[in-house]
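Heads up, the next two complexes both have chain A, just with different partners, chain B and then chain C.
Entry: the complex of A and B
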């Protein structure tokens, strides 16, 4: 089956005083229908910029993106223009992404008006959507400040899914939510995914949820995917040392857990001064001479497993 | 044990709202022993923020302290004048906030902000700078002298949070309150910060009150934990006991919901059915009864009191649970 979204060598570059900074640095990725792909990485690694670029909210410097086989063209400002009916975005801050002066009903009917979906009765659609995300009709006339974080998140899901998109890009869909509510939102997304065959791209730094919801995952570091592949495989057998450190560092709520941590030295380098050679060598516990001078090109291992490392981990 | 650094007794706080008094905190007891690390867990709306705002006396103007006492090293903080309170903040009690980007001033250099927090000290500027450099070194920031001239946006998230910790520890406080200090960081940096906090706590001997809804972080750092729900403390005790053998049904559910504790990957994550009670018109009896699968008739009549020794919980069915568990 061909991919729903196919990204090839995507770059996002911003000018800065005295040069430029590559925030997304040659990212390639395929997302299939009905599949969830997670992008993990720390703040500043370029996750959100990547999502923005895919939705046409950030300029693209290079690379190709195909959506349902069709090459996306760039507009005058170098932004991609995917069909926003088919690609939906859920933003990080659920309350902040709703207009404080619009009732839930109005916010949910808006996509139909903007995209001039004539067949639909926006009002009825709005109520149907509310029902779908498990909120009663009495929520229709509330304003965003009258919603809890979890409810606002549900409205965000409803609005994103209003036009029955084929791809949903969810930027930190559970950030700031409590564990119990987090489960509700993720269950809802999984359920809707099954019903609608939606492809989902989740951006998060919460590894615990990735393990449960993602079919595939990509680990981002300094704007590149340093490793990507099947998420169960990556969890059980990381090949890149950064992935291994990230997985080992995930604090466990079991007080008796033996911390198998791999201590990473130092800090994330600045994007303005990318280290030469392998960009992770400044913090890598297994760094060797070769890593300091040469950039490791992508290695392919099994089906779709990719990583950038000269000395990948074995076990 | 020596007298606790912080001793909160029967603290109740309400917010005045149009609908009536919102009882955000009810009869909360909390003790922070000297040199101990206490974690507070609870979901949004449980009163964590109201509790810490009350300790540092930065409550919203519509908040009213209904009753209770906050004792800090033998002084009742609620009875202090605002000048006396200001003298304590940043000196004996300091805070690390959630987001280091907004808690640092973006228009001032790190050096300027670090010497500003030493405003009580009478030493010269160069000596203050030397202190700043020393503190930055202790929190593990490379090349500290150069950092003094930089602005917060020059630093990565992890570095900024370490700067915030360095500033909080500058005056060698007796109590450090950390409000979700690692939420904005990725796992590797989160662990770095937690280890650093543990080390610094040992060096400085201060007590830490650590607020988080990340159960893993609490398990990694704290010795004792307090679980809050809808404005009440529902369970407290040594971390191991609470996390391995939770007594309150809410704590059990909370732990069950944590995806990190579910070994097999699943698309159907557990949730706590129902929603938080209305804190303006409090329900009768136990605050958790509407979401509790084991609730009985008396849970709807009489509010349960905290009981137990060391590991305490507020639930009518405690004896029942103990009898049924082997």
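Entry: the complex of A and C
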């Protein structure tokens, strides 16, 4: 089965004083229709930049992206140019991603107006969308500052899904929402996913969300995927020590659960000075001599399970 | 702000909480009313000469006295307001429109264009306005249009810089990026998303700019670079009065008071508007 989105060795680099910084350093990823893939990583690991690059908001330095089998071309500024009717992006800040001087009705009509969808009456569509995400018609004439975070997020979901895209890229869809609202938003997304056969790429640092929604996951560290695969498998059997440390650091609701044994020390190294060899060796509890000098190429374990480590954990 | 309300209602409720701003608003409305109604309010033709009654003080017939040619000063002040109003209306709206265009180009366009435009703005701003005006008048001769032209050219950079800064700040905001991700064209982003979000600071700037423009027109007319006699302007009234200050102080007082009133009124009103619309400054100094 061909993938909805197929990313091969994508790179994003920005010029800095005296050189370049590679923010996304060769990532590969397949997303299928109806599937949710999560990208997990600490702040600064390049998750958001990857999302922006896929939506044509950040310049791409290398690699290929295919959407529904079609190779995406780059524009003059090296940005990818996906079909914006079929790829939708949701930003982290639910209120900030709405124009403060535009009513909800107008914001929801935007996608129809931008793409001049002839069959639709934008204002009528806006009301239909509001209903779909569980907001009443009386929200139509509100401004973003008159919405709560959860309501603004629902409006964001409605706008992203207005043109029935095939792929939704959601950057921290639950950031800033309290836990019950997080659940509502995630359930709304899964429900709409089932209705529309949508492929979703979720970017988050919240592992509970990944556990709840993701079929597959990728763990990002310094712009690379150090491990990716089936999310249930990764949760039960992390291969890469960084993955294990992340999972161990995640608080568990079970009071009897043992706290994780692996603890991360030190800070994330600067992207400007990537450590030689395995880039995680500066913080890895199981570091050995080989890791300091050699970069571990990808190891493949079972179907679609990949990681970059010389000494994977066995559990 | 919990319940929905429009821009005007928001402004009004903000003004009600700010006595100085309200005073400014009342003063501004009063001046505008007097100026617009000048042809009906003025007791005499401002150009009517009566040499038998020159440089008289206030009286029942001439509330503000008469000037060196016996013209009624009150009528001249009222008509002078029309000149001031016309100059500030035309100059500010043209300067704002051009500044808006250039500022958005600089703020959203490629880096080289931004550099070129900013150097242009700074070059224009580096001329002393009066010297610049003198040079232009030397080329074209004094007229009201020259005054308007000079004010437009020297004001464009002020508006353009504000627009440029605001546009640059906006272009990295999530809602603009979201529009880009949805595939909106640059023109659409500018018209529907940038413009409505920079309009408020722009109008605040314009209202604070009125006194400067009125003062500039008066200054240039005072120097004889503006309106040509016998057209009344607050600047030329001051100039007439200045020459005959020993004989009568009334022309100077009558020409000066509206200038002071315009300056105070628009400044208070503009500052109040700024406090209402700029959340970063709101509540800071009270």
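Here, the second predicted complex is superposed on the first by the 309 of 315 C-alpha atoms of A that agree within 3 Å, B and C clash if a C-alpha of one lies under 4 Å from a C-alpha of the other, contacts with A are read in each partner's own complex, and residues count from 1 in each chain.
Just so we're on the same page, contacts are C-beta pairs under 8 Å (C-beta built on N, C-alpha and C of every residue); 3 or more make two chains touch, one makes a residue touch a chain.
Bear in mind the structure is a predicted one, so any value in this text is a computation, not a measurement.
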Fit or clash - chain C, chain B, common chain A: fit
Contacts of A:205 with chain B and chain C, given as first, second, both or neither: first
Partner touching more residues of chain A, whether chain B or chain C: B
Touching partner for A:142 - first (chain B), second (chain C), both, neither: second
Chain A as apex of chain B and chain C, Cα-centre angle in degrees (nearest 10): 70
Partner chain(s) touched by A:101 [first = chain B, second = chain C, both, neither]: second
Contacts of A:232 with chain B and chain C, given as first, second, both or neither: first
Touched partner set for A:42, first chain B, second chain C, both or neither: first
Overlay on shared chain A, then closest C-alpha pair between chain B and chain C (Å): 7
Interface residues of chain A shared between complexes with chain B and chain C: none
Chain C residues within the chain A interface of the complex: 1-4, 173-175, 177-185, 188, 192-193, 196-197
Residues of chain A that touch chain C when the two form their complex: 52, 55-57, 84-85, 88-89, 91-93, 96-102, 110-111, 114-115, 141-143, 145-146, 159
Partner chain B, residues of chain A touching it in the complex: 40-45, 148-149, 176, 178-184, 186-187, 190, 205, 207-209, 211-213, 232, 245-246, 249-257, 259, 261, 264, 266-268, 270
Residue ranges of chain B touching chain A (in the complex, touch as defined): 43-45, 142, 156-159, 183-192, 194, 213-220, 239-240, 243-244, 253-255, 257-262, 265-272, 275
